[in-house]
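In what comes next, chain A is part of two complexes: it sits with chain B in the first one and with chain C in the second one.
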Partner chain A sequence: MKFSRFAVVGLLLVLLMAISVAPVVAQETLPRNETLYFNGQQWGPVTGWNPYSNSNNNAMAIAQQDNARVIMFETPYLYNMLDGQVYPLLADGPYSWNEDRTELTFKLKPAARWSDDTPLTAHDVAYTWATHVKYNTPTGAGNIDYIADVVAVDDYTVTVKAKLNDEGAAVNPLIVQAYVSTNYVIQKAWTETLEARANGDAVALLADTAEDVVYSGPYHGYFWDDSKVIYIRDDNYWGQDASMWGKLPVPKYLAHNIFTDNAAGTLALQSGEVDVSQQFNSNVQDLWLVEGLPISTYLPDAPYGIGASLPTAFFNLNAHGLDNVAVRKAIAIAVDYPTIIANAMTNQSATFDQVPRSLMNPTPGEQAMYDRAAVADLQWAGNDIEGAKALLDEAGIVDTDGDGWRELDGQPLRYVATCPNGWSDWQAAIEVVAAAGAQIGIDITTNYPEWSVYQTVVTKSDEPLPEGYEIFMMWSDGAGPTQPWSRVRKLLSSEFNGMASNWNGNWGGYANPEADALIQAIPTITDEAQLKEMYTELVRIYLTDVPSFTLMYRPQSFHTVNESVWTNFPYDGDGTNPPVPPLDMTDGWAIAGLYNLELVNP
Partner chain B sequence: MRYMLGQIFGSGRFRIGFSIFTFILLTVLIYPLFVTDPPLKTVSRGTFLSPGIYVNVYDSMGFSPLYTLLLDGDVERRIASKLSEDDRTAMQEWLVKAGLSEDAIDTQDTAALLDLWNANFDPGIRLPGMTNADRNYYIRLNAGLQGLLATEGAIVALPNPETGTLDEQSVIDQTNYVNINEVPNTRLLPLGTDNFGRDVLTQLVAATGVSLTIGLVAGTVATLIGLILGLFSGFLGGMIDDVIMFITNLFTVIPSFVLLILISFSIGQESRGALTIAVVIGLTSWVWTTRAVRAQVISLRNRDHVNLSRLSGHSTVYILMADILPYIASYVVMAFILQISSGILAEAGLSILGLGPRTTEVPTLGLMMQWSMIYQAPYLGKWWAYFPVILVIALITFSMTLMNTGLDRVFNPTLRD
Partner chain C sequence: MKGYRNYFAKKLVWFLVTLVVAFLLNFTLPRLMPGDPVAAIVSRAAQGMSNATGVQAIYDQYTELFGTDKPIPQQLVIYLGNVLRGDFGYSISQYPRTVADVIGSSIWWTVMLQLPAILVGWILGNVLGALAAYIRKGFDKVLLPASLFLSNLPAFGMAVILLVIFGVSLRWFPTSGGYDYAMVPSVSWEFFVSVFRHYQLPFWSIVLITIGGQAIGMRSMAIYELNADYVKYARFLGIKDSKIIRYVFRNAMLPQVTGLALSIGTMVSGALVAEIIFSYPGLGNTILTAVRGGDYPLISLATLIITWMVLLAFFGLEIVYGLIDPRIRAAQSE
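For the complex of A and B:
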């Protein structure tokens, strides 16, 4: 008896010690003034380090996208969303096209080296592409229709060969040139090790956690578990060579605690435990105006950030009445956009007075790509209840049975507006859309299915959307080297109709041959005046047919910083040249921001 | 009956509980007669407007009658609202960092401080050791200081559509006032607005009504099921008792809230109306009523009057209604009251998890809590969006528990004073 009591007490003590000691060991107490803390990127534990795969759940290290995240793996070029230009990273100087725009050639910096101190060469670039194709990785599958081959001309010269169409021209030179700023270069030697380990099996290759991966970037994984992920600086990083940054990035550690939800992340930002916040903080201005915290955003006033994508309400064009443009337009012009922007987004979006609706995002570069005045007569400011009613009356869509709701062909117009549950700003926006319906005699209710259900329904484009998905919200592309073309394509092109799994766009099933022809022609056009004319025409089609309508503008990533420990984060007018975009200091050209940081109290 | 009521109301606890509950109920019934706005109407563009009276600026801007009041300290108050002590110190800090000597700056002499400030401050520079948050603060401060010491009035002008110029309409002096009663557009928002820009008080009153209904429906369903099963199980015994108790025990070991979550989730949001939720809550919370009723019936079923009734050939239903139910009625009423309050709590719990009734149709207390959490009201100090809701939930359950214990004292002889 006595013994067992001892045993129990002893066991409890051991357990207690284990519990209290474990986090201490894990934390290794990172020095606060050498660590930059993030939130809003990493939800859930890291599962891998494999740059060929897109299921590592390793958001801080691996995100091959328009503004690729380059703290660990690097791209030849860095895209800068603020000026729309690309700047060399691994590459040495700008790339060049051959005369027919079928081959793109660039040089690599001789200083570029891998973490195992071997030189990074053109053979690595070529082998990366070959591997993507050989194992049909997501990158390979996404580019195989546009890129024929990537070849190493010599040790430091790479040529990307475009796939050609029947006329001998590149199918899509835009996507070819985007490849060099959106895709990582991966070491050939390590890839061969990986292939040997996977025995040449594509599934095994993509499933490999790759903890031995060789990288070229300034940081690598240091510690990761269920509660956090920490990256440590590689002090031998090649980029301190004079041909690149000339120095190391300032923070020794990049750390990201895994928060349960936005609220927990906001709390950590408020208390100074997070330096860079990439999440939606409701009423962000209160953090400094009311609470007086040393927190700021890229712009000091609303919209606080640079809008880059267009969260959009799509119409299911197969639903009763929504095949009628008068109904679509009536709903779109009746919606109270200023309330969506003020309430759902708490003013963290430009208004449609500031940036009239089009297919372009609010960045100056894209706004310049269409003729605003030419489509001014098609614009709507929203909240136009009388106009919407008149439009419906004119189209003969009236309330015939006196129940307060309008009918078309004897059937009432009854719709469900929907978006995923828990996506708070979208839900609040959809509520406003539904409220507009009641005012113009169209019965719109809301519904919020779980994301797992929502995504499978919405992305299935080979059959009509089921009831309950008449008006639904989805995203559109943000800023990137193929924009605004890619966004326009995903909003309007009929090429996605009929796909069993459509993660691209045009989920409502719109089809317009005129728009398709323009979308297909644009990538091969280089004459700016002609491009502008074509984009203006597409905007005209979009605003006339209203297959979907933008509800607000949303930043590429939210960028709120707490300057308790670090300062010199990018802000509008900070004098950096080229300007550092407000993208978390890790994405595309935004990584330049990591080299500018300073301590508040050195 | 009169004697019993007298006894019930003789209990202090019951009286307090009853008054709180009646007050809430009356508010729910009377308030909509005065404020006729639909509870889910968006009234503010901008979220979490703080509680207060909102006066239309345009209407009060020299178009309604202006009065002149000569009040002491008006200028000082105006200046203090724009330029606090902290602001003065911060201005001094900036000027010192910009190279001025600290002795040359008198923070209490507003005119001199402003002169120095205007002569030196440049919004374009970011002084060494200053963060961007600091810089933004100084830019905001500087903007707020414009015209701070002006003594002349502000000019109200309207654009002339013909010439495109501004035509002066009136001058508003610093001593001008409007009488709030004469401004055509004012709105009292006693509890401000929420994340959708809805009037919190109006919504709260409507939500209280809905939540009470949910509680009532859930309570009725649960009590009815519990009562019927308990009566039959206890009175009939045997095989029927075994079967009913088997089911009851099954439900006892599954935590009812978990069951509630699972059912709500599987119903799917499209069909989750307030009433559906109420019925589901009722269907998952009858277990304890059944057990308690059964226990009481077992103790009653062999009493002499019941046996007599049986001998007289009365039907089972008659015996249950006439000879058993009256003896346990007081207990059932008390259980019913508790079921109502636990029904309201269950709805709130479900809605906070996002499994309550759908948002667009009716407000409920739980939904109000859920949305204030989603929009981070507690972290931003927007107490009016969630605290009144918590208070109402607490008051309802408190008043019901008080009524319940009051009744207990009357009906339970062992507790009687």
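For the complex of A and C:
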């Protein structure tokens, strides 16, 4: 009798659990044939829908980067990393510069409308910028040095006015033109509602979760909790107008379950619970070669994706000995890069034989922007232990006390190489760097702090990096409308040294006036031959001074697809024109892929 | 009864002192962790910004919001005032969600997983232990080693074994999550079944471990009691075995009840392993994320809840002991 009472209580508890976590909604199970599942983009609960803020952790909907994510909020133009061009989205036709390159003008499509069915006008574009400036949002603060104003010339014409230097020229026309493909247009009327709610307070405005936000894109939030986020198509989306896509995107729902780690995400991809995977799937080729699953990548063979960013080891130039270029270069040339690419990246990176190191990513467009032959004598293939030893011997950095480790000015060369804990591919890479040190008489140990600690230390450029951060890994820019200039800037420019929170680059504290001058000049140059010369010189400086060194190439996004339910995903040479890049059909021009999908079993 | 009042007052004072100390530690210790949590929020806000003045302005906005520009004692006073109003502040790793919201969305998953698991494990363990003591012979020979094995198996070991056998190999149950990947929570039979299926592996991973420990404890106590003089005397008087057994098990239960109260007190922290391995959306996962993210407002509240529950369990236990155990009352009266 007692046991049955317990059983009843137990059942009631379980029932209570079901009810307590269950808001009442109409739909219970998403129809598989109407839902496209993702992984690798959303790694924690969505915390908001505010396009002015960077703190929403709403990765599927809000990411204003080089290839802005445009499923919910839209930019005037879409960047295509494959051809380096921008294509109109909200904009009507290409933009134009005035003669002095100080003002950029574009028109908006008359068909463009907001989700509340009001027209999207130039006043929205201008008010978006004004709000960014007024409340010092990340977008405002990041662009205010380069953009003087965004004005509505008439209802459908927008002019972006560049900030001018003392000579009356635009400080940086590259950033001005990038603004129109990297930043969302947000509705003026909704912004005014938000401002009223925040009562003029910037922190309150950025902290607003904005669940009532008005948007112009094809999808919006449908359901989200701690374990998933689901977006539903807006069947009144303006983009089905003939002046844009002419139809709606194919999947009715976009869904992203939140996985604890890559292993859980890979398991879901294998079982067909995920259609598009933007995460690192180790030995991805085994999924089709060994397991025979209907899974594929953008390229059929290694490196399986288009390399775009350069995971890089930075030297802390304040550490003893690392201010000496011989020590830096010796470590860099001793590292076994093929092992890193084979093990850490499971061959999902081009090798440095295929793409010699420079400041460029492996895309043909960027590779053509410097003279590879002119810097060939400065290149290194890695694993050059004897060369590294000779370099150190020549610089007088030898083992003077016979303990097996080299000394400089009587002090041993002892370093910690570090990267965030749990970033397994980076950890594997940093272990190879440490192993290289042991072979050339430099004592390198490894350490893996949690990301929360790591990021606050590395990005605090107004103080020297503390001990334990002598060699450390961070990323570099991928592909975008300001590349390769922006990447070069972030790898070499001294302008970031001393920032309270430096999320740009050059974390080791490198400073070179010659490099700074070239970086400052490039955005104003339009002559291609001159640009190539300047980039080549910057690569020469980089390979000579070695303030940091690339360890591998990495795709902008991983793009692995399971074709159990959906097919006709973008792949290399699929015949689409312009080509759809491997960016999970959410970023920049890649969203065109959502309009091409087909069901395997309609 | 005067003795019991003294006993109660003493326990209450100790309870309150411990509560205050625990509160102070919960506030202070996470704030001594390395890394600047406000910088973590600023870092997200400032990604891509390349002008020092803009970043500094954003940094100042957030330090003011979180009060980290003030000395720790002043922060404590503000925090205390806020807590008394029920405001535990913002989560750093999930800003702008509040800490109460984050905990509120996960704690029920944990309670609903742990409470039934502890109760079922406790009941089954005690019944099996009692039977083993009473029946002995073959049953005990199987149960004792099995219980020893189960109770000594680390929680993650049990979880992984169940995951591999019933999740990956046999595919009887889902391997992760609280409900089906394609589902939207709703009040429906379909959703209930889905929750129930996802519940099985983490539930049994906790139950099996609990059974082992409880069965061993109950078996030992029951054997001790079965050999007590009063049992022999009762048998000598010809009292029925079933009646004797009832007394025996009632006496043997006392320490087991203590164990149950402590298990319930520590259940929130005990959920960690099962929740992480099965990606179960409970407080265990939330705590892990908070620690990884240096999210000290979230850590503070989560550990405070654990502390409160443990303290309440102990306090409740001592009060009940004082009432039911005359020896304690007698000792306090002296």
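Everything that follows uses one rule, which is that the second predicted complex is superposed on the first by the 578 of 602 C-alpha atoms of A that agree within 3 Å, B and C clash if a C-alpha of one lies under 4 Å from a C-alpha of the other, contacts with A are read in each partner's own complex, and residues count from 1 in each chain.
Just so we're on the same page, contacts are C-beta pairs under 8 Å (C-beta built on N, C-alpha and C of every residue); 3 or more make two chains touch, one makes a residue touch a chain.
Every value quoted in this text rests on a predicted model; they were computed, and no experiment measured them.
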Which superposed partner A:R414 touches (first chain B, second chain C, both, neither): neither
Touched partner set for A:R372, first chain B, second chain C, both or neither: neither
Touching partner for A:R101 - first (chain B), second (chain C), both, neither: neither
Touched partner set for A:K161, first chain B, second chain C, both or neither: neither
Which superposed partner A:N57 touches (first chain B, second chain C, both, neither): second
Dominant toucher of chain A (residue count), chain B or chain C: C
Which of chain B and chain C A:H320 touches, first, second, both or neither: neither
Partner chain in contact with A:E291 - chain B first, chain C second, else both or neither: first
First, second, both or neither for A:L267, with chain B first and chain C second: both
Common ground on chain A, meaning residues reached by chain C in one complex and by chain B in the other: 267, 449
Touching residues on chain C, where the partner in the complex is chain A: 33-37, 39-59, 61-62, 64-65, 90, 93-97, 105-106, 108-109, 112-113, 115-116, 119-120, 123, 175-188, 190-192, 195-196, 199, 276, 279, 281, 285-286, 289, 291-295
Residues of chain B that touch chain A when the two form their complex: 42, 44-48, 131-134, 136-137, 139-140, 195-197, 268-270, 354, 358-361, 373-376, 379-381
List of chain A residues in touch with chain B within their complex: 262-263, 266-267, 270, 281-283, 286-288, 290-291, 293-296, 300, 336, 338-339, 342-343, 346-347, 416, 421-422, 424, 427-428, 431-432, 434-435, 445-449, 468, 561, 563, 567-569, 571, 574, 600
Residue ranges of chain A in contact with chain C within the complex: 3, 6, 9-10, 13-30, 32, 35, 37, 44-45, 47-48, 53-55, 57, 65, 136, 138, 140-142, 144-145, 202-203, 206-209, 223, 225-228, 230, 255, 257, 259-260, 264, 267-268, 273, 449-453, 455-457, 459-460, 495-496, 498-504
